[in-house]
Amino acid sequence: MTVWEGILVAIFCISMVFFVLIGLSLLIKGFSFILGIFSSQMKQDTTPVPAQSETVLENELSLGILKLKDVDEPTAAMIMAIVSDESGIPLSELCFKSIKLLRQD
Amino acid sequence: MFIEALHEIWKTSGFMALTWQHVVMIIVACVLIYLAIVKKFEPLLLLPIAFGVLLANLPLAGLMAEPASASEAGGLLYYLYLGVKKGIYPSLIFLGIGAMTDFGPLIARPSSLLLGAGAQFGICIAFVVAVALGFAPEEAASIAIIGGADGPTAIFLTTRLAPELLPAIAIAAYSYMALIPMIQPPIMKALTTKKEREIEMSQLREVSKLEKICFPIVVTIVCVLLLPSVAPLIGMLMLGNLFRESGVVERLSNTAQNALINIVTIFLGVTVGATAVAENFLRPETLKIIGLGLMAFIFSTVGGLLLGKLMCWLTKGKINPLIGSAGVSAVPMAARVAQIEGQKANPANFLLMHAMGPNVAGVIGSAVAAGILLSLFG
Amino acid sequence: MFIEALHEIWKTSGFMALTWQHVVMIIVACVLIYLAIVKKFEPLLLLPIAFGVLLANLPLAGLMAEPASASEAGGLLYYLYLGVKKGIYPSLIFLGIGAMTDFGPLIARPSSLLLGAGAQFGICIAFVVAVALGFAPEEAASIAIIGGADGPTAIFLTTRLAPELLPAIAIAAYSYMALIPMIQPPIMKALTTKKEREIEMSQLREVSKLEKICFPIVVTIVCVLLLPSVAPLIGMLMLGNLFRESGVVERLSNTAQNALINIVTIFLGVTVGATAVAENFLRPETLKIIGLGLMAFIFSTVGGLLLGKLMCWLTKGKINPLIGSAGVSAVPMAARVAQIEGQKANPANFLLMHAMGPNVAGVIGSAVAAGILLSLFG
Amino acid sequence: MTVWEGILVAIFCISMVFFVLIGLSLLIKGFSFILGIFSSQMKQDTTPVPAQSETVLENELSLGILKLKDVDEPTAAMIMAIVSDESGIPLSELCFKSIKLLRQD
Amino acid sequence: MFIEALHEIWKTSGFMALTWQHVVMIIVACVLIYLAIVKKFEPLLLLPIAFGVLLANLPLAGLMAEPASASEAGGLLYYLYLGVKKGIYPSLIFLGIGAMTDFGPLIARPSSLLLGAGAQFGICIAFVVAVALGFAPEEAASIAIIGGADGPTAIFLTTRLAPELLPAIAIAAYSYMALIPMIQPPIMKALTTKKEREIEMSQLREVSKLEKICFPIVVTIVCVLLLPSVAPLIGMLMLGNLFRESGVVERLSNTAQNALINIVTIFLGVTVGATAVAENFLRPETLKIIGLGLMAFIFSTVGGLLLGKLMCWLTKGKINPLIGSAGVSAVPMAARVAQIEGQKANPANFLLMHAMGPNVAGVIGSAVAAGILLSLFG
Amino acid sequence: MTVWEGILVAIFCISMVFFVLIGLSLLIKGFSFILGIFSSQMKQDTTPVPAQSETVLENELSLGILKLKDVDEPTAAMIMAIVSDESGIPLSELCFKSIKLLRQD
């Protein structure tokens, strides 16, 4: 294969990559648009894409989304700290759904 | 008889058969182990690869020996290598990567895919130069794919096009992926103005779970229809991602991300390393591959940055060109480099999530490039 | 040359080769994915199966291609499918299921085994009707086993008797297993009186650890001696259960329940799905299989319920006939349906544990039925 | 194969299934009986088969079977709740053997 | 026709084919299960082995059957056994063991390696006696390796030298490893004085992380160069240890220690057990092997203790000879026995860590012995 | 093979084992010596080899090596006990790097 042919192949290759990925990007845009129309009727089960850094996230994490059953906030926070410490997962990435206390009598 | 037996043992020992090439390869292996452990160069793959190089170059161990006959057993690594030879391991690694990857930022801003395409520029440059240096087209394609900055893709393509170059290409690919934090920043500073690097980007929109579920299905259908040869990579990547996003098969997603990918990584690394026997590694080609690989990485970064600058100009400064460099894949290292450089220029600048889009697009981009090269030369 | 290459890519792209059959199969795959994710139809298997259907019907991807020669590599799924073809995966899944299953309720009330036998009634009915519809006996047996409501057993028998029907039977089996909460309740209400459904059952006796350990050994010896062909299923099921109950090999039990079964499930699901290529799926037989499968499920439920009524009458109202319907296997879904229906009739009625006996007996029952069919037609 | 033969096969098949499973059931009964005699001499390491619903079970779970070393019951309950929450295993299915406190000084 | 079918089923049932040899083997299997569960004899391997013996001796199950032709499927265990036959499983188990083993105590006191060498004494004695009893040299070597007290090594060597003795040797090796707490103490008391057993040893020096990382690399290079045939064992053992000590590939280390080793253990155990069919197990050779194995264990312990006494004398009482008995490997059971016996003589005596050195040295020692035997007879 | 030959093989085998393992032991000694020289310049990241029994170790484990952030010692001890109990790892083998409290307000 001559260098000239090589250059042609290379140009062809990069243009194909652009062609496929631009096609994909348009498709995703179209799809998102269509799904956006549908989703107004549907129950929105969305997950936010965090755009800020993790340190910011840690502060954003509010206990408000936690269902606390008979547990006061400090205890809940301690439990979360324990789990985070144990598992090695930073608190910002842990998701607690509920913390409930069993018989504090 | 005693002397005879001792002689027998000595004759069959590796010391007799040791050549200076073996010694050089053993030193290479030790250097790679050093880079993996102390410098933390992608240790998950480089450490097994390095140990594979070591094992393969201790003479007479025969770990890669083909079975002499159907009834005899071959070497341990010969059997484990079958998964590389048949292209099974790279696909299974992609399954795990898919299960680990969040394509959300890409869906939120589909134009990221352009940056992921631009960052395949180094593949083209390296291909042309490799052809000019006298490599056969199949070899040139395999070398060029190093610029895709994606280990499993490089291994997949190389096993199909130029298996004799496998160890050099795999080692170069993973080493340069680890060197991203050293290779990219100077280029980023050279090609962008401080003002461009300071650009803060608007927050990405929320992506619905439905979009995330549809994404792998749509990508699979489109990519595999266009480029059937890429099916093992894109198909498995997207299956893993579907496991992740569907939310109904957490068991499978966890196993794909842990036990399965780890087992395959061990087998892949050790056996790819074990192909680096002195005869086909200590050649001038290896040095050329290492040089071409570096060039491919540099030009991929350049391509991504230039396209980033173009998009910055087209959107009138809404896109920070730094995220273009993340398009080389090397998830998530390249995105982190973009974040760091952005924050250096402007401490309030958080590019990480914006760079994740081009970053994961780069994985798709290199797989597509591999598919095209495979169609042309496979 | 550029045009030529483009033409080459286009010719080798899947779009050229796409037929309407492929499109139909892709739609089928998407429907299955929808059922798996949104309707949660046994997603652990249906999702991989559906994705396998998708991958196999994107033309020219060649994922199931046999290697053209010994030196060339075949398709990825061709290699993974070997585990299905050789009957390895279903057995390993049974190993995991055994490690997950508590046979305690069955040991506490061995008469549950009768209900587990009665609920194989649908197998017989479906077999006769399938023969009447013109299926060969091997095919009829494979179709009938859908009535056993046990996925791995159905796949195991079908790969040995009628491999060309594998995708239809596997999909039907898993879909109907997921539909148990819709299929069974009307039949349960039609065949039992409210008074019967209200019956509360006496608490099960405690089962000693010793009994639980002896159980898998005894069942293995008896079943495999009687029906040697069922050894891979019953043997592995009971080995897994022995791991669980022995209490001394927790490591092995955990791995059998997690990493191993999950890896095998991924490979099994995707490759079984990938056998559903248009040519052998888009046939009238597939519709017949789907119909026969539903019939088999219905009559299995009927069989279990009728035997439950008989046992209720024999024990003078000590057995709630609803637990008979749990004999179809589909652990633990069928037992839960019995619990729900029982509680609807009588809020103080807790049938779950009582229904678990027939439920796990149903697994043994279908494996035994598969063994008999294999002896007759294998 | 004629339908008639098919019916015969079907009858044969279902009777074999009954034959095997009835055999098994008798065998298990016999075995349990024999083991029952033995187990009176042996140390009984039995596990109860829960016949009630899980909610009932949760109430049945007494702290009595727990060996508590220097830990008061509320703390023990909290620990159990934490572990249950973390691991995702309902409390009714978790089995604690002992909870001990290390230096409460 | 009904009668015919019943006759057919009966003819193909295992009861017809059952011989007294099968019954004996089933009883052997049940005894082994009893030992594994109740007596806790190395249950991780003995339980799968015992169940394999059971499955292989239920006639006509054909679980180990070779495929009759290329298109037909063989028995389940036939396929799983390939990993034993090709020597893959023992190596992968060594990978996991390496990831579990801390060679720190050995590095802190390298003279432990001598004790690990002394405790291979039983291998030599058993070899000579086995030759005297008329075994072929390959068989004698395989039997002698039981004295290495190391299951995977014994299986590895036996599959290469005398595969027909595999089940007897594997069962003997694991059973005696479990019996260490009964076999060793009387010998320890007979060969050492109370004064010797009372010796307290000085605390081991700290071992740096760097030493721990270099250790597996150095051992691999030296051992494999000297004895290339031992590469699959020592190479994988040291790779696992490098995973552990490098600290940068925790994922791989965890998987090697858990999912991978457990999966391989299940497959290895069941299939090794399944080679114990009546014809090649119910022979006088099996009894001889069991006797020779016990002898090998006893003389290995004696060898370790005598060398311990010698080192005690040479160091003027700084070495407690009890730690010599830990050199037989059987990690960590033998080290615990040394600890217990030491503490019996002197309650302030903590030998555990001191005994871990010879204990892990014993693993290397048996692998080296296996390599030598393989060079001589392989 | 005669018994005599067998004895020769056995002697040869055991001497080879000794030869290899003594060689290894010398090599490790040498290596440790060389590394010891190097390590004086390098940052020492050493792990102690426990030579005493586990029970002794348990007493040695001081909270001093723990970084406690806003957590009092009893709480830290309790957390450690929980983790030890849960994971089944004896306390002597667990290594805690830090325990920190998240918002005790």
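Should a chain be cited, it is by its letter among A, B, C, D, E and F, assigned in written order, with residues numbered from 1 in that chain.
The criterion applied here is as follows: contacts are C-beta pairs under 8 Å (C-beta built on N, C-alpha and C of every residue); 3 or more make two chains touch, one makes a residue touch a chain.
In this text, all values refer to a predicted model and were calculated from it rather than measured experimentally.
Within the contact network of the assembly, the step distance from chain B to chain D comes to 2.
For the touching copies chain C and chain E, the fraction of interface residue numbers used by both falls below half; the interface is of the different-residue type. Comparing mean CA positions across the assembly, the chain most remote from chain A is E. Chain centres here are C-alpha means, and the one lying farthest from chain F is C.
Comparing chain pairs C-D and B-F, the larger number of C-beta contacts belongs to C-D.
In whole angstrom, the spacing between the mean C-alpha positions of chain D and chain F is 39. Here the CA centre of chain A is 24 Å from the CA centre of chain B. For the pair chain A and chain E, the distance between C-alpha centroids works out to 48 Å. Each of residues 5, 9, 11-12, 16, 82 in chain D touches at least two other chains. Each of the following residues of chain E touches two or more other chains: 5, 9, 226-227, 258-259, 372, 376. Looking at the complex, you find that chain F touches chain E at residues 1-3, 5-7, 9-14, 16-18, 20-29, 31-32, 35-36, 38-39, 42, 44-53, 56. Those residues of chain C that touch chain A in the complex are listed here as 1-2, 5-6, 9.
Chain B meets chain C in the complex at residues 85-88, 91, 95, 159-160, 213, 217, 220-221, 224-229, 231-232, 235-236, 239, 242-243, 246-249, 251-252, 254-256, 258-260, 372, 375-376.
Residue ranges of chain B in contact with chain E, taken from their complex: 5, 8-9, 12-15, 18, 26, 30, 33, 36-37, 40, 43-44, 47-48, 51, 54-55, 58-63, 73-76, 79-80, 258-259, 262-263, 265-266, 270.
Interface of chain E with chain F (complex): residues 104-108, 110-114, 116-118, 120-121, 123-125, 127-128, 130-132, 136-137, 140, 201, 203-212, 214-215, 218-219, 222-223, 226-227, 339, 350, 352-354, 361, 364-365, 368-369, 372-373, 376.
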